[in-house]
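First chain written, first letter: the chains are A, B and C, and each begins at residue 1.
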Amino acid sequence: MLVAQDLAAQRGDALLFERLDFALRPGTALFVTGPNGSGKTTLLRIVAGLTRAQSGRLTWDGIEVGAFDAALRAAALFIGHAPALKEELSAEENLALLVSLHGGSADCGALGEALTAWSLARQRALPARVLSQGQRRRVALARLRLAARPLWLLDEPTSALDAAGIDMLCEVVGEHLKRGGMALIASHQEFAPSAGTTHSLRLQ
Amino acid sequence: MSEAALHPPAIDDSAWRGVSWALARDLRLALRSKSELAVQLLFYVIVVTLFPLGIGPEPGLLRTLGPGALWVAALLASLLALPRLFASDFADGTLEQIALSPHPLPALVLGKILAHWLATGAPLVVLSPLLGMQFGLEGEETKLVVIGLVLGTPTLSLLGAIGAALTLGVRGGGALLALLILPLYVPVLIFGAGAVDTLRGGIAPTGELSMLTAALLAAIVGAPFACAAAVRIALD
Amino acid sequence: MSAHSVNWFRFASPASFPPLARALVPWFAIPSALLAAAGLYLGLIVAPADAQQGEVYRIIFIHVAAAWMSMFIYMVMAFWSAVSLMFNARLAAMMAQALAPTGALFTFIALWTGSLWGKPAWGTYWAWDARMTSELILLFLYFGYLALRNAIADARRADRACSVLVLVGVVNIPVIYFSVQWWNTLHQGATVSLTAAPRMAAIMLTAMLLMTLAAWLYTIAISLVRVQAIVLERERSVSWTGPAEASQ
């Protein structure tokens, strides 16, 4: 379980938010909404451990965690704005690299399945350079199923996705929540996972 | 409240796997951008060639100058190649994923630096005997320059990586990186080029070579941690 | 936690430090001026002319003080940088930032006075001796720090990046000094060195010590002044909702 207490964040001179509290329990997804610049991405990065909060504390499984905490790195999967794909490598190679970076392992079969599930079967051997934004987003999201992590941190996962992609995302997140996983999702667009409870947090 | 809801299957977070992951990936990427690497190698060649052009072709003078020129050019070439260590990963978001990986960041960074040296430093070393001929270096002296570069260029990559991480995404990058790193390069330059002078004085350059080795070992142990800290700071 | 230690942590917060700094400045500035006056009087007027170098050697009173301070300030910067990284303390990083320009200044003064001394004493403005060469590299290290700080827009990132830079530098400084020493003996043998100063009469030593002490107090005073400006500039937009707390 993830608990945030009294979080405050600053970007340069601007105070983005303060006194933020929330608790994320297994089986729940928390949607973070708000206008541009309200700090959604910053909040996600703080939870992921990339940025330090100005003040407040974050607890994972009862233990307080700081930036780049080892426990959190093993438990969370962060997918940010950038899809983190190398242009020169194929979709499949990229996916394999990311999965093993996350400490998991995936054989050809599993990779193929994941890409097919996201309608990328024909693109698996193409260099990422030629993929569209939507396709890159799908490759990035394909690793959600392969790297089994309890906590998902998704920053604008629906960006560049078409309706079919969003449906797939709902299904994947729903599965995850049903198995007891948790998700913190920053999104302009709220979508309904196929299972699990959803809460909303609005930043001003 | 069951915390056992979803416990992840055992995750591989070993340091060795981290090093090999980064090494294999970066080498693969380097091999797919061979032309870029060739350009950097040519830079080395051109800089070395500038010295005789600036000083004149008198053989005695060139012989004296040779080792120093080769080393200075190696330093500058190393400096030129450094930004490519992190720039691409930083730009496409991979560096964030690397920093958040369960593998220890210093291990991943070490793998990257090793790959970087193999792609940019090692070719330099291989080419040096050929360039040494431009200065009339041969035999024992050339061998010493090569050994020195083998010991020294990885140290340059390791130290330079710290600078590259500190200046990620910062304006004035290249020149700033040079200002930060070149003072740290001075000892490597002194011992590397000085070894040949010692040899010319009739003494075996064991002192200089030991210093270079010690510097390399210290850099291998210390630089990945400093570099990892710098990467985390850059991602903040 | 005793009331005394809570008190200190309160001053470790950037918001409450400027008043303390302002109060402390005269305590360092005035003694510094007095000691400098005393040192200069002893060195320039009372101390006898040197047998070999005549009046020219008197520049040593400024040169040595500047050289020692240039090294010492870097060490202090390294200390504050380590503190700021270990405790995530912003004020410590600001202290390092406040010290840097003075450190660079003293390094430059050491180089300049050393060069001026070299010309009449050894016939050349720059003799590539080990001490001066190391001092030159130290100047580059200071410039690097200032340049990095200037180049990074976000103050907090700049704090941390510069802290790492200084710590890497401080670890390398002994190596650099040693290697330059080696280089010097390798190429010139044991020859001229600006540290081979004229035999010191006790009064000359006293003058040098007074000047060094004066430089040290000056450094503290000017850094306290500078850190006030840094704190005010950096904390101007943050609203303090309650009693100042040490940054967490």
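Following the convention adopted for this analysis, a contact is a pair of C-beta atoms (placed from the backbone, for glycine too) under 8 Å apart; a residue touches a chain by one contact, two chains touch by 3 or more.
The structure presented is a predicted model; accordingly, all values stated were derived computationally and were not measured.
The most central chain, judged by C-alpha centres against the centre of all protein C-alpha atoms, is B. Distance between Cα centroids is largest for the pairing of chain C with A. By C-beta contact pairs, the most connected chain pair is A-B. A straight line joining the Cα centres of chain B and chain C is 31 Å long.
Centroids built from CA atoms put chain C at 47 Å from chain A. One inter-chain figure worth recording: chain A and chain B are separated by 35 Å, centre to centre, where each centre is the mean of the chain's CA atoms. In chain C, 154 are the positions where the chain touches two or more neighbouring chains simultaneously. Within chain A, residues 52 each touch two or more of the remaining chains.
Residue positions 236 of chain B each touch two or more of the other chains. Of all the residues in chain C, the ones that touch chain B in their complex are 85, 137, 140-141, 143-144, 147-148, 151-152, 154, 156-157, 160-161, 164-165, 167-169, 171-172, 175-176, 178-180, 182-183, 186-187.
Partner chain B is touched in their complex by these residues of chain A: 1, 25-27, 48-52, 61, 67-68, 70, 73-76, 78, 80-89, 97-98, 100-105, 148-150, 179-181.
Those residues of chain B that touch chain C in the shared complex are 162, 166-167, 170-172, 176, 179-180, 182-184, 186-187, 190-191, 194, 197-198, 211, 215, 222, 226, 229-230, 233-234, 236.
Every residue of chain B that touches chain A in the complex is listed here, in rising order: 1-3, 5-9, 11-13, 17, 21, 25, 28-29, 32-33, 88, 92-94, 96-103, 105, 232, 235-236.
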